[in-house]
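Dropping the structure in here first, questions after.
As written, the chain order gives the labels A, B, C and D, with residue 1 at the start of each chain.
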Amino acid sequence: MKTFSTRIAVRDYELDSQGIVNNANYLHYLELARHEFCQQAGYSFAQMAADGLDPVVRRAELDYIAPLRMGDVMEVELTMSRRGAKFLFNQAIFRAADHSPVLRAVITIACLEGGRISRGDRLAEKFADYLTDSEQ
Amino acid sequence: MKTFSTRIAVRDYELDSQGIVNNANYLHYLELARHEFCQQAGYSFAQMAADGLDPVVRRAELDYIAPLRMGDVMEVELTMSRRGAKFLFNQAIFRAADHSPVLRAVITIACLEGGRISRGDRLAEKFADYLTDSEQ
Amino acid sequence: MKTFSTRIAVRDYELDSQGIVNNANYLHYLELARHEFCQQAGYSFAQMAADGLDPVVRRAELDYIAPLRMGDVMEVELTMSRRGAKFLFNQAIFRAADHSPVLRAVITIACLEGGRISRGDRLAEKFADYLTDSEQ
Amino acid sequence: MKTFSTRIAVRDYELDSQGIVNNANYLHYLELARHEFCQQAGYSFAQMAADGLDPVVRRAELDYIAPLRMGDVMEVELTMSRRGAKFLFNQAIFRAADHSPVLRAVITIACLEGGRISRGDRLAEKFADYLTDSEQ
């Protein structure tokens, strides 16, 4: 299983009045990492849209371990697996400075084609090098 | 010149680490007020899109007078005027509790039709009851 | 178990390029509903902060059922329960127009006091009228 | 007058339903560039806060020239000048691919010390190498 990793710096406007990154922004970071992964894997979201594919988030499980703060840089790691018509992204965020865990997440994606749920075969083909079957 | 007014409550996630509403959110509030105004005036953004009209912001002038904080409710007032092919929204935000001034803004809008700048006549017709000519 | 319910209108800037509300915004809606619930229950976030209590999200499970679109109004329902030192919010979002389900979520909160995880007794006391013990 | 320049990539969640970057996000980009500039100039926002300095935006003038779209990378340039107790940031955003102009802005900052408007001398000292007097 190949692991993709990217670095993202916290932006000051992402902090809330408690001085920590607001919970909702982690969904942005996770999405950003997935989109960068897709682009690097050779099949960008823009290309998917052009091909009539529309990946949508079906489920998100987020475990918040420790908050990010002003000036922090994070590493976002992900692996991708398939379970039937669904694609699972196991994602983890670490603080880059000490690789301490910040958040763990499982994001489940389904793929629409022409507005209907597809079996995901076209997506699976494009990401064959990165996919493992999820046994569960 | 008719004045439109709407109330918006600050949401906690709009605060930044200084405990005040982040500057960028005021553009959201102003947009929200303009869209509510359009809807109430009988010509919503959804309808404009359906009609092939695409209003775009050309210029924004924002004077920040005092910050909004947690729990604040604001009043957003606006008047609309026309200057040639452009539409000007004079907008002001007040803290509802004491009507103290928070922000003044002038937002200049142009209207695309089929991707090209239009003279704005269709928009002007729809908002005729609210429009004054801007002399300047 | 008392159910709290509030209405929130989708704002146009919350839509993404697919024309649907971006996934991250649902965390904002859920937070907004929880904060309104706390205020109505008589113990606002501002008051908690003044009392040295700092509730933090530990886990979020979100099931996305159907997307919200431009012009939609949603109802956000919640119930609150306690499991040891943790507080669970069962939240559901419905489209107001037809009460069709949009999202279901379980948000787990822990409460810091002076920067350390507390047993949550002070919070439990304040919300005694709304709390059930979570058996699981 | 020294020009600072930084690169920022558009993130997909910053697009709105018209497929272009929402207007409010440009204030985020401009802020991000200013904060990076301050850090590189040797006096970060975190350090200012630690020193009791609190720079606040007083006025923003934004001219929107052309929209950024999915996949775009931008260059944000800025110069800094002083006009009495105020600091002016002249900022311009270009599309990196062809250096075509996207937005021009003038952001006016005042500096609070202990909650009161200061003459800005401490800030001016720190940024002496970058400052020109603004004649106007």
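Following the convention adopted for this analysis, a residue touches a chain if its C-beta (ideal position, glycine included) is under 8 Å from a C-beta of that chain, and two chains touch if they have at least 3 such contacts.
Just so it is clear, the structure is predicted and the values come from calculations on it, not from any experiment.
Engineer: Would you say B-D or A-B is joined by more C-beta pairs in contact?
Structural biologist: If we tally the contacting C-beta pairs, B-D comes out ahead.
Engineer: Please identify which chain has its centre, taken as the mean of its CA atoms, farthest from the centre of subunit C.
Structural biologist: D
Engineer: Using CA atom averages as chain centres, what separation in Å is found between subunit A and subunit B?
Structural biologist: 35
Engineer: Centroid of subunit A to centroid of subunit D, CA atoms only: how many Å?
Structural biologist: So the centroids are 30 Å from each other.
Engineer: In whole angstrom, what separates the CA-based centres of subunit B and subunit D?
Structural biologist: 23
Engineer: Counting only residues that touch at least two other chains, what does the list for subunit A look like?
Structural biologist: Within subunit A, residues 12-13, 24, 28, 31, 70 contact more than one other chain.
Engineer: Going by the contact rule at the top, pick out the subunit B residues touching subunit C in the complex.
Structural biologist: It comes out as residues 11-13, 28, 31-32, 35, 44-46, 70-71.
Engineer: Quick check on the complex: what are the subunit B residues that touch subunit A?
Structural biologist: Subunit B residues touching subunit A: 12-13, 15-17, 19, 22, 24, 70.
Engineer: With touch defined as at the start, can you tell me which subunit B residues reach subunit D in the complex?
Structural biologist: 18, 23-25, 27-28, 31, 54, 56-64, 67
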